[in-house]
Amino acid sequence: MSLILALIRRDLTLAFRQGGGVGTALGFFLTVVVLLPIGLGPDQALLQRLAPGALWIALLLAVLLSADRIFQQDYEDGSLDIMAMGPMPLELVALAKAIAHWLASSLPLAVAAPLLGFLINLDPAAILPLALAMGLGSVALSLLASIGAAVTVGLRRGGLLVSLLILPLYVPVLIFGVSASTAPGAGPDIATPSLLILSAMALASLVLSPLAAAAALRSYLK
Amino acid sequence: MQTLANPARFVGLANAVLPFVWVATIILFAIGLYGAIVTSPPDYQQGETVRIMFVHVPAAWLALMVYTVMALASAVAIVFRHPLADVAAKTAAPIGATFTFLALATGSLWGKPMWGAWWVWDARLTSMFVLFLLYIGYMAVWQAIDEPHRAALVARIVALVGFVNIPIVKFSVTWWNSLHQPASVFRIDGPTIAPSMLWPLLVMGLAYTLLFLALHLVSIRAEVTARKIRQMRLAEIGER
Amino acid sequence: MDFAAAHVSFVIGAYALSAIALVGLTIQVITRDRALKAELRRLEEHRR
Amino acid sequence: MVAFYSPFAIRYSPMQIIGQDLVCERGGRTVFHDVSFMVNRHELLQLTGPNGSGKSSLLRMIAGLNDPAAGTLNLDGGHADLTIGQQAHLIAHQEAVKLALTVAENLAFWAGFLGGGDVGNALAALDLTRLAHYPAGLLSAGQKRRLSLARLVLVPRLLWLLDEPTVGLDTASQQRLAGMMTEHLAKGGMIIAATHVALGLEPARRLDLGPRA
């Protein structure tokens, strides 16, 4: 357990010291949110109805954008080889790095998203459910992104391939994420069941993603 | 040598079986089409457009079946390390993608007269679309990694991860669809269809499956030849 | 089948599209197989 | 977590690594075949052979990063529940150094991750104490190579797998490396080094991966 923490701590120091990671993801997120009213027109009622979905899509794309940072550096400078020879199985290394990526970029976005919601007239009552749903959903997003990152770690321009591989896996998270972020009161309460399913997905990916990611990494170490 | 363990035996087997499969495919298509176009009655509600079902439903069945074949082949490749299994998965993908594309296209052609729109986010069409993305993603992995051995290792994982997600996507899309739209007006599945419509559908389904088998065997044979050519070229480089 | 019924063009369109796609795929697969077999034969003669 | 203690505790039990008719395949091409070797305690095995003959592949195979297409590879004597890779250090061309972290932080991470070790002593052994608080990005190639070699001293491990260790080192550092290697062998360790340059100590065994008859 202490080894996982050591790895997470190092990754976090690296992410914050290089600064690029969080900054670019947040910047990308802000651009997407600002583009929406420009593209869809300033109609407040329309924007309000679209706000949760739009914020979720922006979060999802931002996480995907920063996904290749999870293993790329360690693969290129040889650290991954040494970690594969360490006392900790590669699966836990993949898990630790995915958690570090979640803490470094997905979580800050999940916290910032509802606060930026006012830009697209997000209904204030929806801020709390959105924050809760995004907090949970971002775990699944980072873990699934780690599979894509592992599959494309050795490729020169793997960025496009990551999105193609991982977006279909994001469909369920997006569906239940958005329905979990609807404000209470309107219509039947679908927020709580969706939240439960979302957390189930997060837990499932917590277990399954490291297995897939480690297997993909091993094929690149060969 | 870990090259294709027993390709010669497989190619021999394929050559023996293929003529019969081709003949059976053609016969079944003839019967199926005859049943679909001539004997089965028009639908009391939709009229003639129901006949699109005979090309739409088999394509949808094949789209899912071929991905299952790919996932099974990948699992066999992981467990038994059999290189021919990787080739089977790789060659099945483009065929499966074509069937998925056909399912989407014919579904949209069926939807236009039915719901008045070329694309309707009906639960089955949406999950079929995601399945299409999974196919494209799988094929993109083979494209992106030039060295076949490493590409095979990675593609296996992508196929299995995709396969695990198909039911999840299906469940969430169906649930999402019921949330946003009352159950779609048009529902044809299960034994409710009249027998006169059912047998052509089953025959067409079998014809599509045999076509897949034939195309798959030929593609595997071609891929085995391609790998041999690649190894001969590499050997030449090695000698020089 | 009544060829004058409503929307019959969609039915024909669906069948035509399916035929084109499946026949096209078959031709592509067979030609690739034949081309590779010929190249392999050429390479083998070249080596002997 | 695996109880991890210094491998030298089992100093005097007999111990050797044996490779038997190993075959390595990469991209469909056979890199090398029928390679056999043996290394005992206190012994240095020197790997030679032209570029592309598979020296690095063999080292990576011993480290467990890629499994052989055929043949066997085992360590008699070491820890039963540890793989060879977990009882070995691999120093390859890539230095596994994070440029944004300082020299000390790099070593502190590896100490934490690979199972304990004294950073100060490792820095002193490679004369890096002066640079401890500099970000690794400012180091020269030779200094980065020394930081990578510091891992050998930082975490005691039985087997050292060195891939052209002297690349980029000045003469003083090469002598220091030779000293470290001699001391490691004296303490009952084993070394497999792929290199063409004289290492400053006589290898007990040699293995040439070049084209054989």
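In this document, chain identifiers A, B, C and D correspond to the written order of the chains, with residue numbering beginning at 1 in each.
Assume a contact is a pair of C-beta atoms (placed from the backbone, for glycine too) under 8 Å apart; a residue touches a chain by one contact, two chains touch by 3 or more.
None of the values given here were measured: they were computed from a predicted structure.
Asker: List every chain that touches both chain C and chain D.
Answerer: B
Asker: More C-beta pairs touching across which pair, A-B or B-D?
Answerer: Between the chain pairs A-B and B-D, A-B carries more contacts.
Asker: Can you check how far apart chain A and chain B are, centre to centre, with Cα atoms defining each centre and the answer in Å?
Answerer: 31
Asker: Could you work out how far the Cα centre of chain B sits from that of chain D, in whole Å?
Answerer: Chain centroid spacing, chain B to chain D, equals 49 Å.
Asker: Can you work out the whole-Å distance between the CA centroids of chain A and chain C?
Answerer: Roughly 42 Å separates the two chain centres.
Asker: Could you give the separation in Å between the centres of chain B and chain C, each centre being the mean of its C-alpha atoms?
Answerer: So the centroids are 15 Å from each other.
Asker: Residues touching two or more other chains, restricted to chain C: which are they?
Answerer: none
Asker: What parts of chain D, by residue number, touch at least two of the other chains?
Answerer: none
Asker: Two-or-more-chain contact residues of chain B, please, as numbers and ranges.
Answerer: Within chain B, the residues that touch at least two other chains are 150.
Asker: When you check every pair of chains, which ones turn out to touch?
Answerer: Chains touch in the following pairs: A-B, A-D, B-C, B-D.
Asker: Which residues, counting only chain A, touch chain B once they are in their complex?
Answerer: Against chain B, the touching part of chain A is residues 147, 151-152, 154-155, 158, 161, 164-165, 167-169, 171-172, 175-176, 179, 190, 197, 201, 208, 212, 215-216, 218-220, 222.
Asker: For chain B, which residues are in contact with chain A within the complex?
Answerer: Residue list for chain B touching chain A: 130, 133-134, 136-137, 140-141, 144-145, 150, 153-154, 157-158, 160-162, 164-165, 168-169, 171-173, 175-176, 179.
Asker: Spell out the residues on chain D that touch chain B in their complex, using ranges where they run on.
Answerer: Per the touch definition, chain D meets chain B at residues 25-30, 69.
Asker: Would you pull the chain A residues touching chain D in the complex into a rising list?
Answerer: The contact residues of chain A facing chain D are 1-3, 6-7, 10, 13-14, 17-18, 73, 76-79, 81-88, 221-222.
Asker: For a test of understanding, state which residues of chain D touch chain A in their complex under the given definition.
Answerer: Counting only chain D, the residues touching chain A are 1-2, 4, 60, 63-67, 85-86, 88, 90, 92-98, 100-101, 105, 109-110, 112-115, 151.
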